[in-house]
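Chain nomenclature is as follows: A, B and C, assigned in order of appearance, with residue numbering initiated at 1 for each chain independently.
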Amino acid sequence: MSINATLIGQMITFALLVWFTMKYIWPPLFDSLEERKKKIADGLAAAEKGQEEMQLAEKKAKSVLKEAKEQSSEIVNLAQKRANEIVEESKEIAKQEGDRMILAAQAQIEQEMQQAKEGLRQEVAALAVNVAEQILSAEIDKAKHQDIVSKVSNQLG
Amino acid sequence: MEIDWFTTGAQIVNFLILIGLLKKFLYRPIINAMAARERNLVEQRQAVMDQRAQAESLKQQYEASLQGLHREREKVLSEARARAEAEKTERLQHLDDEIRQKKNRFSEQMRQEQQELGTAVGRAIADKALRLGGKILAGLADQTLEQRIVEQFLRQLSNLPGPERAALGQSRTVTVITSFPVDETLRQRIKDRLNNAADAIQFEQDARLICGIALEAGGRSWEWNIERYLAELDADLLTPADHEQLT
Amino acid sequence: MATEAHAAEGATGYIIHHLTPLSVGEGFWTLHLDTLFFSAVLGGLFVWFFKMAAEKATAGVPGLVQNFAEMLIEFVDSQVKDSFHGHSKLIAPLALTIFCWVFLWNFMDLFPVDILPLIGSMMGIEYLRVVPSTDLNATFAMSISVFCLIIFYSIKIKGPWGFAKELMFQPFGPWMLPFNLLLKVVEEIAKPISLALRLFGNLYAGELIFILIALLPWFIQPVLSFPWAVFHILIITLQAFIFMVLTIVYLSMAHEDH
């Protein structure tokens, strides 16, 4: 075997083929490889992210739960407090009403006492006249009687 | 072109070695890696899904417990309301009783006061009335009045019940006390009325008997004067107070 | 390019020289050393490549080599899943090996026809045929291996009697037994022969055309040789694919019990 021009022609052909392959065959192949790799990486990253999100969600759920517990105790406390308030309020109302009732009763008593005194006074006046009448054992005429009664009454007042 | 079977056999061996190598040592690890990756992804996805389901159930639980809490709150509040209502009612009832008691006490006190008033005021009033009467009497005091008083006294004497009259009749000494001077005519008339009983009749004068007349015989006395009316007045004053009961 | 020895014989001599294998031995004990050498080297390349992938195989993001290997495996696996309905742990690696190896054999066709024989002649090797698939021995070796597997699985799945029944009573029933048998045997024998001859024919013809082009003046060569080479990229891949798919299909048929 010896080297001649045929080899040059074949080398040119081969170079062209290499160029063609580099230009048109390799890139799509490489792209598809890259795409596949990217897909896998994305999938793994998504899974990773899902894991992270899961942890985050778990944390959040825990905090929410804690908050809920606090809230629930607060609700109960508030309810308890409100209940006490209601009781206190009703006590206060009852007390006020009671005071009012007492005042009213006292006023009534006062009035009744006044009335009684008044009645007593009248009674006493009548009595005084009666005494005089008895003493005199004589009838004092009506006008005179009235006169005496009012006089006695005034003196008593 | 002919087939050299020896070459073919060697080539077959070549082929079998290749397949054997690939199948035994090379194919498995790559396949395993792929499967592991796939499994990993599936597992992680599954884990996320599980977590989500768990979170969902937790949420439902939480909501249920919140509802329970609300119910509890309502219960506590309604209980409190009921308690408050009961307490209020009880307290008012209590107060009502207290007031009633107070009123009763008041009326009791009132009655007492009235009595005291009756006695105290009554006396004062009686005194006043007496003095008034005295004034009236003083204004009217003359022979006729004195005579009248005596006559009234005598009428009363004659109206005495039997036993008293008998006791009076048995008395030795009779003393007639007057607040005013008694003239002879009147003395005679008194003597006349009493003579059947007494031996001696004495006449005395006592200004304390405000225009009155009294008779003392055998340790007993009958009188007709203002003092006596005072006692009556006392009794009288207390009675009208009873008419007006406090409620 | 003509060697000194064949110069007198001109173009025909050149062609014959190029298509003459490097052989040792006589008669039955003839070995085509070039075919064995290149197929072994290419097989080693294939094994080396997958070894690289296998050693660094990771469940995480794959490297370039692993990624390529995985892509090949997935491609072959999808073909197997499409055509093969039985259960076999061998068939996927077998198909993968056939595809890759045949492809590498064929790929030798794209090298300039004179370059490797020239290097060989420098080392004192007179004859060198670099494309194993232009050797009937290589293609038949592979197809006969597949044929053996077909027979093996037929007997394994259907049982010896089942396989024999299939040979004797199908497709025309027991009354046509000899005819059935003849038909079936021919059908079975035709499988490896068609496999081997198809590959051989395509590659041999392609190589022949490359050699013929090499006889033309050097400045004309690229004009003809380049399109043919580009076309051949398709041919070599297609032939490897066809060999693999037919192997899968035949083995699938062997797994199907009637």
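Heads up, the rule we're going with is that contacts are C-beta pairs under 8 Å (C-beta built on N, C-alpha and C of every residue); 3 or more make two chains touch, one makes a residue touch a chain.
In this text the structure is predicted, and so the values were computed from the model without any measurement.
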Category of the chain touch graph - line, ring, star, complete, other | complete
Pair of chains joined by more contacts [C-beta pairs], B-C or A-B | A-B
One chain's C-alpha mean falls closest to the whole-protein C-alpha mean, and that chain is A
So what's the Cα centroid distance for chain A and chain C, whole Å?
-> 85
Cα centroid separation between chain A and chain B, in whole Å?
-> 39
Approximately how many whole Å separate the CA-defined centres of chain B and chain C?
-> 121
Can you tell me which residues of chain C touch two or more of the remaining chains?
-> 60, 62, 70
Out of chain B, which residues touch more than one other chain, so two or more?
-> 37, 40
Among the residues of chain A, which ones contact at least 2 other chains?
-> 40, 44
Seen from chain A, its contact residues with chain B in the complex are 40, 43-44, 47-48, 50-51, 53-54, 57-58, 61, 64-65, 68, 71-72, 75-76, 78-80, 82-84, 86-87, 89-91, 93-95, 97-98, 101-102, 105, 108-109, 112-113, 115-117, 119-120, 123-124, 127-132, 134-138, 148, 151-152, 155-156
Complex interface listing, chain C residues touching chain A = 1, 3-4, 60-62, 64, 67-68, 70-71, 110-115, 117-118, 121-122, 214-222, 225-226, 229-230, 233
Show which residues of chain A lie in contact with chain C when the two form their complex.
-> 1-14, 16-17, 20-21, 25, 32-33, 36-37, 40-41, 44
Complex contact set, residues of chain B against chain C | 1-12, 14-19, 21-23, 25-34, 36-37, 40
Would you pull the chain C residues touching chain B in the complex into a rising list?
-> 23, 25, 28-32, 35-36, 39-40, 43, 46-47, 50-51, 53-55, 57-60, 62, 66, 69-70, 73-74, 89-90, 92-94, 96-97, 101, 132, 135-138, 140-142, 144-145
